[in-house]
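Chain nomenclature is as follows: A, B, C and D, assigned in order of appearance, with residue numbering initiated at 1 for each chain independently.
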Amino acid sequence: MTAHPASPLRILYFAWVREKMGRAEETVEPPGDVATVADLVAWLKAQGGEYGEAFARPEIVRAAIDQTHVKPSAPIAGAREIAFFPPVTGG
Amino acid sequence: MTAHPASPLRILYFAWVREKMGRAEETVEPPGDVATVADLVAWLKAQGGEYGEAFARPEIVRAAIDQTHVKPSAPIAGAREIAFFPPVTGG
Amino acid sequence: MSVAVQEADFDIGAEVARLTSGRDDIGAIVTFTGTVRGQSGGRAITDMTLEHYPGMTEAELERIEAEAHRRWPLQASRIIHRIGRLSPGENIVLVVTASAHRHAAFEAAAFLMDYLKSRAPFWKKESRPDGSGGWVDARDTDDEAMARWESLPAGTTAR
Amino acid sequence: MSVAVQEADFDIGAEVARLTSGRDDIGAIVTFTGTVRGQSGGRAITDMTLEHYPGMTEAELERIEAEAHRRWPLQASRIIHRIGRLSPGENIVLVVTASAHRHAAFEAAAFLMDYLKSRAPFWKKESRPDGSGGWVDARDTDDEAMARWESLPAGTTAR
């Protein structure tokens, strides 16, 4: 992982991820070694509390960077907003 | 063919068969040896005039007996109405 | 289930509302509306006239509607086919199918339209701007579309 | 082409009229309407609530609508998806596709619905009469329906 300076990151939560978090969005400042979506999820989960609840099973949480679906391996450098949500369930 | 007494038969015409005939329906009295739809078509065609026009190519005229599609070999005994029309062209 | 052959136009929204209002067992409603195009076979038409076989046409539509209900779990359906003279842009035919699930509604509507286009007792005459025109010949492609359904046992789907 | 994500209900007839009025190059219009059923998985529901991702959801709907236009010769289309709390019998989603030919209209509408049911960023919560309920799990069958289209090169059909 490339170490780069921590920068504020806007995170959005939807559906039960939002409910477990108790909020729809927030700004976090992950350390510089958090380089991918998977890194970010692991770092958030390690905060415990509501984070531990929302990310208890990271494999069922989906992510989007700047409104595009991404895989856990996607790098987060340059992201304006990252969203976490359950698998979509249509209309 | 079974010989049976001639009896009045109601005939309906649709689309270009109707236009060639110049009428939408009529009652005819075919001779007793006219037993099938094909017999009836041959007998009508032999009348010449508008019949010759309408049934010039019997293979492209379809028939229904009492509002059910039938093949040329269908017997006409007991029919209340026989209709002749082109292949259907939908809506 | 109901069918109508009529000169009058129809109202898609009103027909859907009539089938579905007050019901909560329907999850999927498909409508198909066929309209008169301004050209046919690459040549402009000024209008078309549809003729039917009163009595037989309605009976055939009821028969094929019942067949659709045998093949798919439909909660409701409606077929309206117009006759008489129709101008480009006007409605010709409406099929509505309602089911608990979308694939049944889609497939039943496509099945009914394939039938209506190929086998229902309607005859179509077109008029052209130069005064020519005439009765439209049956199209093999429509008949092939219908034959596809007939090769399948009832209850299976064509997809 | 246009999409809307809104709390307000929609009017099927008005949406069709908006796409087709004054045009004579359309021959076939298909609408799909999805409605809330009074039960889900065999158990009664009192209402459901739909959540979306503002911005992303609209962009995804526009992307899939453009994909439908690439795959089929469509003259016009419309997607409306409601959000918020909806009761049994209420409308959820409307897809309208218009083409010169019926098979394109049918298939494009089915394609759009398979996408909307499996991939569009909407989340559904159901409430039951006993006060229970919760977020609905993703259904594999919907995802399989969508995967069927993805295995086909653009321009071919699934039928």
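A few remarks follow.
Throughout what follows, contacts are C-beta pairs under 8 Å (C-beta built on N, C-alpha and C of every residue); 3 or more make two chains touch, one makes a residue touch a chain.
It should be emphasised that the depicted structure is a prediction, and the values quoted were computed from it without experimental measurement.
Minimum number of contact steps separating chain B from chain C: 1. Centre-to-centre separation between chain A and chain B, using Cα means, comes to 77 Å.
Chain centres here are Cα averages; for chain C and chain D they lie 23 Å apart. Chain D has its Cα centroid 28 Å from the Cα centroid of chain A. Chain B and chain D have Cα centroids separated by 50 Å.
Among all residues of chain C, those that touch two or more other chains are 34, 117. Residue positions of chain A in touch with at least two other chains are not found. Across the assembly, chains come into contact as A-D, B-C, C-D. For chain C in complex with chain B, the residues that touch the partner chain are 34, 50-51, 53, 55-56, 59, 81-82, 92-93, 116-125, 134-139, 142. Of all residues in chain C, only 11-14, 16, 20, 22-39, 88-89, 100, 102-103, 105-106, 109-110, 113, 117, 145, 158-159 touch chain D in the complex they form. In the complex of the two chains, the chain B residues touching chain C come out as 12, 14-16, 18, 64, 67-68, 83, 85-91.
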